[in-house]
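Handing you a structure now.
By written order: A, B and C. Residues from 1 in each chain.
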């Protein structure tokens, strides 16, 4: 992403990157856009996605981590917030980007934002505040902080207010954090090397992004060419009514190690390094998630 | 919402708020954006939602009523229009906002816009016109007024044309109106007080917004704390093949009166005042609509 | 669409029209918006749709063909790209619009863009280049050309670079092309005239747009008023497990020839000229696709 010039560093941000679990069937997203347009006219609001599964803070966090390296300076407004209206804090974070300029993060203190703030820059979090809250009109409930707290905070940043003016400073160590994705090297009983990795994300095309990166693959010694095996059992939280793990990848699924989706025949399974630098289990013009019956959060075993 | 300063009052609107039942699978929405960009460059177009159920004028109207208090000055472009191409009128409405500035409404005269225009301001509708229509090229059908009539009208307003220049004046009394949502106080046969209220809206999270507002609740005497009952029968238009009402809320569903979603245990049912000031039947990190099998338009009975 | 004035012709484009099969559940679309905002600040990005069925280049091409006559000058960014990362070329095309100004097209050379480029202007394609490709960082896969190649190319055009500076010129004759939709006049065994036409597109409302235009209908002699028959057999690639064609429109479906959806009773089938000038099989406030069990790509027979 382009670096901000020194003179740009003191200019307020002109772009808000907006992620939520609001969906787009209702007017929620549009109303937040309107609040930002009213508070900071001329701001560009870019929707990252509003289809994070309802209440899935972890999915929202992963999505932000993937996105931030490509966004450049601005304000990230993230709202996946099952605790809205309770004592959970609203927070603002700020990091100085390696290329110059700053990126701010506004949303709930529930683990949604902090990993992304740390992925956005090599520098640590420079500023963290608990957002001060105006009193709401008494004839409305406090169930829409996107409209009433976080959207206005993002607008104030774009209108030129410093993050520090939006609330009391807090210790970044006090922020709620999620656990990272599982990546483990090992050896199967038949002597083959293996890598056990969590499925972080199933994308629109049914590709399975693993927690393992290309660096993990290199350390583990996964061959860059040839074929490896997706070992039979998926160890998963999903359990059948009879108490057995529900999802079993059939024995003998082979993954061809390729560089591009188009290197696979239609329906053929493969393993590649995806556009985020993670290993991904994919299929040629088909949904690996569908044909392997895998969802985000499961553990897959690659063996070779 | 911020008030426009006196000098802003004569500036043309710079924002269009766009709602439709077009969905986003096709190019309809993008084409209307392009028409506005071509006719009034620099206009900000904010999508409220395009997922109003097809032809559901009532749902579109409710959505606009909820949204307008949060939008500020601009043009509301609303297109849910089963009568496109027939004799139904295309209309433009204008109200002066309490905080200053004006809000215009452009769309079909089928009840979609008028309640929102009245909700946007304490002042009555200041101007109402029937939009004049250009002759279409003969090699295309008149089935896309969003592109051919309403979008261009919104663009003309943003380009500086007065609403009165877009067509002949009409009497606001002549506008098509929908009936309001049902709210009735009563007493059950066992002596308990009750409130019967229509479900106006089921949102993305499965929350059931009732037609009853916090003011209705106060008048009816619904306790602000404690537990009330969602009485068994849903009186509904939905009927089973055997002629019985299809949806029955199981006996004995209790709603805990809370202030926030997060005050409920996962899956617990509750009643709260939502962000629009309406009563809503909700569930902790779950869909009340799904678990209670309720859709918009049904009548629920709260008893205490 | 408004014509650009002569002085505008040398200004870089300020609008990108973006179509893809990315869906909106992930951050893909937002990241491409961010890349464009970073490379060409102030550019308006209009999303045509991102819900082209995955890998369906033909559907993407049809959608662009329908949209371009209504877009005006700018850059069309189209990404439906099962061959990403393989040897297929990335291309840029440019046409001079009849009304003045230019429209550029950026995306994969797989048939997605060329028909739209030819539909946008009466003039032939003025410039065609193979996009030059930067070397990617080694720790990421080459699976997201929307972010890494096409989005940046669109941004460079909006920042003022000429298309010719983005890669080596190529011969427009060398571009990959799709076959057009089927339209055939004929006569049924019972002596009635008929028209066999491919279903190009099933829209959000379930309307079936045929490849036949109003001009085709005139040549074939389809009556403008009255009723015609949708002949029984749909000849289709869809086959039942027992080898029989899967979709059979029931005998005797009659289509009333009308001008507007609203001229039909609820659930009544009709035929009209749609907003793109094509014949469309529709139903009054209902989905013709659902009730006739028809999908895009099938052949329908109209008989009269």
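Just so we're on the same page, contacts are C-beta pairs under 8 Å (C-beta built on N, C-alpha and C of every residue); 3 or more make two chains touch, one makes a residue touch a chain.
These numbers come from a predicted model, not from an experiment.
K.L.:
Is the contact between copies chain A and chain C built from the same residues on both sides or from different ones, judged by whether over half of the numbers are shared?
P.N.:
Mostly different residues: under half of the interface numbers shared.
K.L.:
Once chain A is fitted to chain B on CA atoms, what angle does the rotation have, in steps of 5 degrees?
P.N.:
Roughly 120 degrees of rotation.
K.L.:
Please work out the Cα centroid separation of chain A and chain C, and write it as a whole number of Å.
P.N.:
32
K.L.:
Among the residues of chain A, which ones contact at least 2 other chains?
P.N.:
24
K.L.:
Under the definition above, what is the set of chain B residues touching chain A in their complex?
P.N.:
1-2, 14-15, 17, 19, 24, 44, 46-51, 63-64, 66-67, 70-72, 201, 203-205, 213-215, 259-263, 272-277, 280, 285, 287
K.L.:
Which chain C residues qualify as touching chain A in the complex?
P.N.:
22-31, 33-35, 37-39, 41, 54-55, 82-86, 88, 139-144, 147-148
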